[in-house]
Amino acid sequence: MPLLDIRNLSVSIPTPDGDVHAVRAVSLEIERGEIHGVIGESGCGKTMTGMAVLGLVPKGARIAADRFHFDGEDLSDHAGRLRGRRIGLISQDPAAALNPVLSIARQMDDVIRAHRSLPRKARRAEAAALLAATGLPDPEKVLKSYPHQLSGGMQQRVVIAQALATGADFLIADEPTTALDVSVGAQVLDLLRRLVAERGLTVLMITHDMDVIAEACDRATVLYAGRSVETGPVAGVLKQPGHPYTRALLAALPDAAPPGARLAAIDGSIPAPRSVITGCAFAARCPQAMPLCSAEPPPERRRDAHRWLCHLPEDAA
Amino acid sequence: MNRRNFLKTTALAALAATSARWNLAMAAGTGSILTLAHPTSFPDLDPATSFSNDGAVLANVYEGLARYIPATETAPAKIEPLLATSWDISEDGKTWTFHLRDGVKFHDGSPLTSEAVKGSIERTRKIGGGASFIWGSVTAIETPEPLKVVFTLSEPQPLDLVASAGFAAWIYAPSSFGKDNAWFNAGNDAGTGPFRISRYQPGQRAVLDRVEGYWGKVPEGAFQTVSFEVVEDATLAQNMIESGQADWTYSLPYENLEALKSNPNLDVVVNPSFETLFGLYNVKRAPLDKVKVRQALSLAFPYDDVIAAGTSGFATRAKGVVPAGIWGHDADAPVPKTDLEAAKALLAEEGIEPGLELVMTYSTSQSLEAVAGELWKANLETLGITLTLQPMAWEAQWQLAKSSPEAAQNIFVMFWWPTFVTPYDYLFNLFHSEEKPNFNLGYYSNADVDAKIEEAAKLSGTDRARAEKLFIEAQRKIIEDAAAVFMVDQPNVHVIRKDVKGYTDNPAYGHVTFVNELSR
Amino acid sequence: MELLRYILRRTILSAFVVLGVTFLVFIVAQVVPSDPAALYAGPRPTAAQIEKARQELNLDAPLPARFATFAMAMASGDFGVSYKSRRLISEDLRAYLPATLELAIFSTGLALLIGIPLGVVAAARQGKWPDRLGSLGSIAAVAMPTFFLAMLLQLVFAQWLGILPLSGRLSREIAIGAPLPAVTNFNMIDALLAGRLDAFVDAVKHLILPALTLASYPAGVAMRLTRSAMIDILERRHVVAARALGLSEPRILFGHALPNAMGPALTVIGLSFAYALTGAVLVEIIFAWPGLGHYVSEAILAKDFPVIAAVTMVVTICYVAMNLIIDIAQALVDPRVALT
Amino acid sequence: MTRLVQRLGWPGTLALAIVVLFVAVALLAPWIAPYPAQGAGTPNVLAKLSPPSAGYWLGTDHLGRDILSRIIYGTRVSLTNGMLIVAFSLLIGLPVGLAAGYFGGWVDEALMRGTDIFLAFPALLLAVLMAAALGPGFLNSIIAVAVTWWPWYARLARAEVLVLRGQPYVEAARLAGVSHPRIILRHILPATGRPLTVQAALDVGPALLTAAALSFLGLGVLPPTADWGQMVDAGRKFFPDRWWYSAMPGLTIFIVALAFSVLGDALRDRRQGARHASA
């Protein structure tokens, strides 16, 4: 049984001008101990999927799913309880994720106190230990600092330490390296891999960066316009992509391009979030589109554990 | 009603616990405290320069040589001995000899002597502030005996009236002659009166305590302490008198007096005052240089309406400038009645076309003046005259009036009260010719009137009956010339708690309460 | 170091502003259509008395000379004497300024105490009835004419319910019967110094209605500012992060989000304080509160220029000083501001 | 109508209706006041201080004048007051802000430090000081408030200009040698004017409140012209026994100021909404 098991998740946000379909049909199966990458362009619904798992969707948003389970518990009912206990978050921009006007000590302490009843001194020691575990060289000094006094890498480590402090075994890492220098980003990814190995964590890695997928993940899921269009082991997805979108993503990434380059070079734009999509969402941009593509939802194709949704026959991939 | 009472009761019950203790403690003490709520502050407590509402405080701390007691229905007006027991006047009215009361002590313990009297008046004159001009005709003060003072005058003057004035006539201790204004205004005093100032918070209150060994009679149940509270807000003053937080107040809206009259705990004491309201016509500026136009304006004045609307019927019609209660008042003065037709005819005679615009100035702080103006304006509108009402700060109003007849207002509305009780004070100040007018703000000038006022002044010390006749003649001339519109004599309305005994209002001393005579 | 330089710069700027204000007050005073000498000479002066006053007041000196004298006097804290009462203005201020400051500080506290929690709750329950009710209340508070609110409060609490005093600073029982020693002229402090609980309670009771009147407008503003600041902050990532870390909702609202909203809170302190200082003109009249507003309104009626100038100067200096303190506090509270 | 409601929301629409109603009342005062003469100031002594009744819906004042008629006539004074205050303030503030923002440098520095001095005064106090110096009167009280009001517009205008100055078409005009006054008049003023006018229209409410405070202090219009603030003050000494005298004009001020306030909120929300949607 996967730790996280999602089938056909949809999240829609009502607005005066009609519903915004942030997530349309996402399916995810994440096994214990893996780092599972979720990749897609901005607006594809990857962050919203993470938020839905955390139970932090915007007010009034509607969540529906055929299955929405975490370790056997239905997230529709228990997201609030699991959040911060079993499920943790590592935010995109560590500078924004830390409260600018509170000291690190205070912010660490708040988290520890929320989960364990320890005396003050013990909490302080625990905070220092957690910071040390993330590879910060001088935890005591960090504790006395304010966020703006730390470098981006250090901030991200603090954020990870906070996530560890909750005792969560499942972390959602939302673009953990985007705001960082390349070398620092790589260190953070190494840290995450190490923590997964040492502490038996499971990580849902949200990213738009193929390099992150390649470097850090075991398996990956590609999202497009709020749907999961392809999923499978990283090797398969990267080497033998099934979906034309994945192929376009990879093609748009020239070998010479610096790692971390944005995914932007595909012609056309993603469907408007308010639109209703009947067929394949990628049909309008797909170089191989057929009339059938925009009329009917594509069927699932699979090659071992590697699955994707497309009207094109399997061998066309 | 029920609900309100219910809320009130619950709220009171809730508070009872906290406040009961000290309310009880206070109730025991309030009997000997008298609280007077005054609508204005006491700017100057120096007996030499005090010339305002501060007289209300000083009259309980200091005493003059004599005191004026106005006429009642049963008794004529008289001048009562105070620090002087008696006085003599020489044949020519120029030498006045006052015999001082024996055994009177100042608050510092020193005795009252002729030297103290001389010194007080000399200090007052030397500083030259306030009403010190009342001693203007005194050329010499001699002290032949410790209890005998002789005044020599340059011309005959009613020095008994001067000596009983409410300002600048106080006698104070020699030890204070060297003190400056600030010393007095810090709350120090040097009087002979029944009370001394024990605490003074400028702009808020003056608290007076009874002096041991006062020479005069002290009634049983007399007050030990009197607090002069400055309560500018009429609503608050009314609330205080109704709830018993204050024992005496005045200047409440006339409209509210009926309700207060029916309050079983209160007495509403209505008395004529020596304050009169009038409008001086600027006789040097066209078209009010024409008698008939001025007469027309006076005919258009809504005398009865102002009394009804402005004072709820409490005031009385002014009969010339000297108000009722003062000698020289002309009860049969030929004052006009409101008659718009006659006014129209007079205007037509002078060829005044509709569209005439006139400016009336009055003091911002006087609501009765505003009411009079608004009612008059409405009447004049029917005659085609536009009256612009210009409320101003008193100093600014006065300044404009003095500038020049051409630039000044057409009508100057003001109250007048006498510095001491003599018709001369009204007539000389307001209507006697002046090179550069100080208070003759209508620029009125009539040699005949001047002569009558001057002669009457000389006679008022020695032959008051003749003086009175001359004063009345001068007034009739002024009315004939329509130099001013005489609006109303302001009533004195004081509200006092019924359990305070012995209160009488003495209009010669505006809003003064002689606390020594009161008891509870 | 940056903080020091920042403070220095702000202080110099404030000093400059105060000088400008002095000049402006002096200029305005020249427009006053009244004769100071006539006022100074007393209620019903003779021409000679006025002339004497004119000389005493040095009114015939040329304008620049008079400005120099004026500015020097102001700088040395010598406000001269009132034309009307001829009392030393500095002495009067010693009695009136504490009364006004007491009211201003108390009402500022009240405004924050009412406005900020309401703003937090409204933001947390955005769009729900506490938000709607609060927003309506805050708009009403802002639109209510101060003087009318004062009258209504008096009517309800003093005259109908009778649970709070109608006006004044202390009950007469205390003011006359057992006066407080005037140490600071802040009644609450003086009462505590003298160990007089009765007087303390009495002083607080007298403060409530005028302070509430003055607090209504800034409380409304505080509520709206806090609400919008909180809504903004609650959407920020660190709050989302704090939620994801399993922190309790009150902890997030008050422990994490509110400290970020201190900026608006400090703004409100400045605004409320200024509002109380000037609103005092209206409120002190209605509540017979013996403070600067009361003092200056009398002076205005009498065109008593030295008093008007002194009060304007003192209030403006209080106001400028308060703004300076708040700017510095902003820098201290938010560690990032110190660097800008 | 429905579109209006959609745009402003119900409270905003209601507020707009109230504002329009009062403007209409001001324009039509002589025709809709039950007693036009009394509204204009003619006393009616016999009926003084009558409580609200069929004849006098809101009661009468101390000179027997119908309060309703007085309030209706007072609408003219109060609204004109509010409008003239913002108009005068714009007249001073807009040029100052334009000049400061457009020329920058020492002109900016000098003008803005000047406005700082005005802003350093607590506004009402400065207004009271000015009104006291100028003396009471309709125009004087307006000037007194405008003196405290204009620096805000100067700041607003300056901020707008700073944004506009960098716009390519302004740069282009400048490079093409178009004169400064012409650039300001042609390019800057129209674009700055619009947001400022909207702001100013909404400020009529607060301006009216300040003016009411001044006239409450006796520094407003001269009697017998009706004015709300002055009516509240005049009625205060009869309060609470004759509550209608103060309460009716007091409530009127409250309602009008509230309407302006709610309308302002609705418009601001709408602008923000528009920005959100376009983002």
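Here the chain labels run A, B, C and D in written order, and each chain numbers its own residues starting at 1.
The definition used in the following text is that a contact is a pair of C-beta atoms (placed from the backbone, for glycine too) under 8 Å apart; a residue touches a chain by one contact, two chains touch by 3 or more.
Keep in mind it's a predicted model, so treat the numbers as computed, not measured.
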item	value
Of B-C and B-D, whichever chain pair has more C-beta contact pairs	B-C
Central subunit by CA centre of mass proxy	C
Averaged-CA centre spacing for the pair subunit C and subunit B, given as whole angstrom	38
Intercentroid distance (Cα basis), subunit B paired with subunit A, Å	90
Where subunit B and subunit D are represented by their mean Cα positions, the distance between them in whole Å	44
Where subunit C and subunit D are represented by their mean Cα positions, the distance between them in whole Å	24
Multi-chain contact sites of subunit C, meaning residues that touch two or more partners	33, 159, 285-286, 301, 303
Per-residue overlap in subunit D, given as positions that touch at least 2 other chains	135, 218, 236, 239
For subunit B, residues that touch 2 or more chains besides their own	364, 396
Chains grouped in pairs wherever the two touch, ordered by label	A-C, B-C, B-D, C-D
Of all residues in subunit B, those that touch subunit C in their complex	4, 7-8, 11-12, 14-15, 18, 22-23, 26, 29, 33, 35, 41, 43-44, 49, 51-52, 128-131, 133, 181-182, 185, 199, 201-205, 207, 225, 227, 229, 231-233, 236, 239, 245, 364-365, 393-396, 398-400, 419, 436, 438-439
Contact set on subunit C toward subunit D in their complex	13, 16-18, 20-21, 24-25, 28-29, 31-33, 139-140, 142-148, 151, 155, 159, 274-275, 277-279, 281-282, 285-286, 296-297, 300-301, 303, 308, 312, 315-316, 319-320, 323
Residues of subunit B touching subunit D in the complex	234-235, 253, 255-256, 259, 305, 308-309, 364, 370-371, 373-375, 377-378, 381, 388-392, 396
Subunit C - residues contacting subunit A, complex	126-127, 236-238, 240-248, 251, 255-256, 259-260, 262, 333-336, 339
Residue numbers on subunit A that touch subunit C, as the complex places them	51, 54, 56, 59, 83-85, 87-89, 91-93, 96-102, 110-111, 114-115, 146, 148, 159, 162-163, 165-166, 172
